[in-house]
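Below are two complexes that have subunit A in common, paired first with subunit B and then with subunit C.
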Partner chain A sequence: MSNLLEVSNVSKRFTMGGLFGRKTVDAVDDASLTLSAETPEIFTIIGESGSGKTTLARMILGLELPSSGEISFRGKTVSHRVGRQERLEFMANVQPVFQNPFEAFNPLKRIDRYLESTARRFLKLSQRDDLDGAMDGSLQKVGLSLAEVKGRYPHEMSGGQLQRAAIARALIPNPPLLVADEPVSMVDASLRMSIVNLLKSLRDDLGVSVIYITHDLATAYYISNRLIIMQRGRIVEMGDARTVLDNPEHPYSRLLKASVLSTEDAGDGKLATDPGMVTLAGELVGRPGRLVDRADGRMVRVYG
Partner chain B sequence: MTQDLLKVDGLKAYYQMDYFGVTREVRAVDDITMTIRKNEVYGIAGESSSGKTSFIKVLAAAIRPPMRIVAGTVKYDFKNGPIDVATASEAQIEGIRWRHLSYIMQGSMSVLNPVRRIGKTFEDFAKRPLGLSGEAYRARILNHLERLKLPADVLRAYPHELSGGMRQRVTIGLATVCHPEFVIADEPTTALDVVVQKEVLGLIREIQQDMGSSVVFVTHDMSVHANMADRVGIIYAGRLVEEGPTRQMFFAPKHPYTAHLVASLPRIGDTTQRPALEGRPPSLANPPAGCRFHPRCPLAIDKCKTEVPPLETVGPDHRTACWRWRDVEPLVKPQAMQGVIA
Partner chain C sequence: MHGYLLFAGKRALLMLAVIFFGVSLTFLVTHLSPINPVEAALGRMTARSVSNPEAIVAMRAALTELYGVEAPLWSQYLNFWGRLVRGDLGPSLMAFPTPAMTLVMRAMPWTVTLLTVATLITFVVGNILGGLAGYSQNNKFLKAFGIVAIAIQPVPYYIVAFILLIIFGFLWPILPISGGFAMNVTPGMNWPYISSVLQHAILPASSLVLVGFGGWFLGMRALVSNVVTEDYVTYAELAGVKKSTIVGGYVMRNALVPQLTALAMALGGVFSGTVITEQVFNYPGLGSLLIDAVNAGDYSLVLAVSTVSVTAVAIAIFIVDLLHPLLDPRIRAE
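Up next is the complex of A and B:
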């Protein structure tokens, strides 16, 4: 069995000046995970705001170098500086969709130009017809069309349109791995399901693996094969998505599930969280603990 | 007695752009009439690019070209006097901003100036409207931060040094520090984890109740509406198609689009395929005639293709724009009732 992606004991430490004097943040602390090359899957990352999800994704994308540990793609190490050609090849294979579409696009650049430069760069296309065909094909996959997008700037599109355009751009080089950082947080419920179903069909029909970062536990349950839950830089639980979400074991995982707002009692305004659960989860922050295997195949961080 | 704070009447706001000499018009807000009361939380949902942000930008008096108000009035009854923000001058709007009317924009985490410390941004926003200086100003800000559970140190921080949750609380702090009568928020908790989201929503609710202000917020997250809003309004293709008390909207919707919307998200533990809405979102440059939902509506009849359904009252506080509202079946039922019915 060969690996598509292997993340081994990866950590990232940032140094910040200013706020509380000089200090360091361990954005990601000793993370390991593996995606197989044979079985495409949707691998989900959920967790606290600021727990290192985006930082981990940026390292996988090669946009950030790990402070320690190693990341390899199809057996080749990518977590150190490589030559231009090798880098381009890697970038065509692992495509990003970012969290905030308003930030992902340069406000002064037309959306179609943005897609076009991706097509030129990775597909080496230059004929007008070929470029338009590649762009329109990708846009159609996400429910847009070139005719709708042509000539428009990011501020002329809604949040949802912009996010669909971002996914369309990522699909242009036909990558085997997509890293989607909160791709559905800005779109309506119906579209959210259609994008999530799109990711599913990318996996099932085109064999694309997806790293799906989200705050939405319901869609995570709906499409993921496996998932990890992160709290303050550390993976606290990892395993089969349904096994973990049906029955979370780590106190933070439990708090997460308990905090999901429900529509079942719409109109009653229930916004209180059990303070005991919050305290329990909070006390574990900063304690290293260690990941142990459970009989049902999951891994959980335990302490003491 | 409930009192109206905002009356929107026949509002039309379009984007007008020139493409190579051809004028293209996007009718993002197309004839909306509604009122918001004092001390209420009103949630707005709707399809992506249906005009929600455009609508609340008008409410927030944040109209910029190419957007233009084509018709209608947007009248507030503020403590310092009534104002129609559709026609008010820049100077008049300056007089209400932050103290009476505040606006948390979509994607507002990126709105914080990256090279300005949070404390400086607070000064830019709040110092003049509050009319305070020195110790009194500082005390007021610190007090407000404490309520938001933010340490005083954030004032010395740059935005990138804060986590997403902290940044979002900072923007809520900026929008509420002057105790405005009317707060407008576009997707205020979208980027947050569910634990922090719940905390931030609780905070907005608490501040709103303390100040007795009104809140209008937009989000795609129907579970947020379910738990935050007193009333919910649904926008489709630039129009308000239904509004009503939150519970009614979830369990007895009277518009097919609302019924679809409240049923479209899976719950944890649920892996059944949800039907997506058929067809394409309508073009706001060239919207369908009659009821704008007709090309995608499972209940559509011939009349729907030519005649625009009026927004009619169908229950207490409940209005809908559908010729066949009597035939709309709710797709979800309250859990408590499910056992009773089954």
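Up next is the complex of A and C:
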């Protein structure tokens, strides 16, 4: 079995501060995960703000270099500085989708020009018909069409349309892997499901693997095959999405699940989480522990 | 295209309204000034000789008649506009009967050249360095530059100007400190004159650059550090777009839109001169002319200077308004 993506023992340490008083932050600590090349899946990274999920994604995209550890894509390492040509080859295979669709496009550039230059660059197309075909093809996959997008600037489209256009752009090179960093958190609730379903159909119909980064447990449960839960840079639980979310074992995972708002709780005027759970999960921050295998296939971090 | 013309037409009307109100306001302010041009002129004429009282009374009557200041304000106002639309701003009162416009035109090249060059240098250097500082925030040299810019920024302009004067005029006297050119050269297209003019411009220009550059630097740095975090810049970096293209095409261009507005305003302001610079360096420009005119109660000349600067600023704003939709598609939509 060959691996599409292999992240092994990756850590990232940031140094903050200037002349006076330096401080280091371990944004990601000893993270490992593997995506298989044969079976496309949606792999979810869950965690609160500051848990290191975005840093991990940025390292997978090659935007940050790991302080230690190794990331390889189809056996080729991406965790060191690479030349422009290699960068392009990698980008043709791993495409990003960003959180805020309004920031994903240069406001001074037309969207079709973006799609066109992506097609030119990655598909090496130059004929007008071929370019239009490639653009329209990928727009169709996300439920848009070239006619709708042509000549329009980002501010002339809605957030949901823009996010689809961003995904269409990502799909132009036919990449086997998408890295989607909170792709629905800035989209209206009513459009959220259409984007999530889109990711699902990308996996099921087009065989694209997706690294889906979110803090939203409901959509994670709905579409992911496997997931990891991160707390302050450390993976605390990892495994099959249903197994983990149905019955989370690590205190932090349980806290996350308990914190999901339900209409019943809100109706009862009960919005605060059990303080005991919060302390229990909080105490584990910063303690190394180690990941152990469980009988149901999941891995959990245990301490002491 | 039709929408754009409509928009341009609206803006043109707005510009004319601004000029009308601006000039009217200056007219009112100058005519309500407590300095009486007739008395000021009499004072100048009688300062060096003793005249008999009857002669003074006769002169006062003649000057009042000549200047036309006894007419009611509204008829002076109507007269003023009547002449203005024909391009005539009337004679200067302190240098009677030289037309005020001639004096303005004589002073204008000094001010406009000095300020345009200083403003453009300031703009280009400040924005390029500021943009680079915002893009590569860990660069030691640019960081140090930022600290210097923040340190100079709050120092009042005249202090900077005097420090330059003291350093380069007295402690290390290598530059001329006063005037527009040396006494011993003949104005014209000859090298001694040109080099003298350039030398005399160095100190005033550098004082303006020193003080003005920090604002552009800090402004651009803040704008760029905002743009850099946008995802489309990240995407361009990911896609292996060349660094120079990212800085030029994505970051600087997007951050430059508000800076261009400020540039146009600054260039429009060039026509009102810089009173302090011209006073400190005794530079022969519109600012000095304006001060002299105010002190002499020469409202005709004050009005001429103000009319020119009000018109220049209004036109500059009009041009910015016309250019904006071409630079930024988001404005086109409205």
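We take it that the second predicted complex is superposed on the first by the 289 of 304 C-alpha atoms of A that agree within 3 Å, B and C clash if a C-alpha of one lies under 4 Å from a C-alpha of the other, contacts with A are read in each partner's own complex, and residues count from 1 in each chain.
Basically, a contact is a pair of C-beta atoms (placed from the backbone, for glycine too) under 8 Å apart; a residue touches a chain by one contact, two chains touch by 3 or more.
Treat the numbers as computed from the prediction; the structure is a model and nothing was measured.
Of the two partner chains, both subunit B and subunit C are touched by A:Glu156. Of the two partner chains, subunit B is the only one that A:Met193 touches; subunit C does not reach it.
Touch criterion met: A:Leu108 reaches subunit C, while subunit B stays clear of it. By the touch criterion stated above, A:Arg74 is placed in contact with neither subunit B nor subunit C.
Touch criterion met: A:Tyr221 reaches subunit B, while subunit C stays clear of it.
In the superposition on chain A, contact is made by A:Gly62 with subunit C only, not with subunit B. Of the two partner chains, neither subunit B nor subunit C is touched by A:Arg254.
Once the two complexes are overlaid on chain A, the subunit A residues touched by subunit B in the first and by subunit C in the second are 99-100, 103, 156. Residues 230-232, 234-235, 237-240, 242, 250, 253-254, 327-330, 333 of subunit C are the ones that touch subunit A when the two sit in their complex.
Residue ranges of subunit B in contact with subunit A, taken from their complex: 15, 17, 19, 45-49, 53, 106-107, 109-110, 153-154, 156-158, 161, 163-166, 187, 190-199, 201-202, 205, 220-228, 245-247, 249-251, 260-262, 264-271, 273-274, 276-277, 280, 332, 334-336. For subunit A in complex with subunit B, the touching residues are 16, 18-20, 46-51, 99-100, 102-103, 143, 151, 156-161, 182, 185-194, 197, 215, 217-219, 221-222, 242, 245-246, 255-257, 259-273, 278. Taken together, the subunit A residues at the contact with subunit C in this complex read 61-63, 84-85, 87-88, 91, 96, 98-100, 103-108, 110, 118, 121, 153, 155-156.
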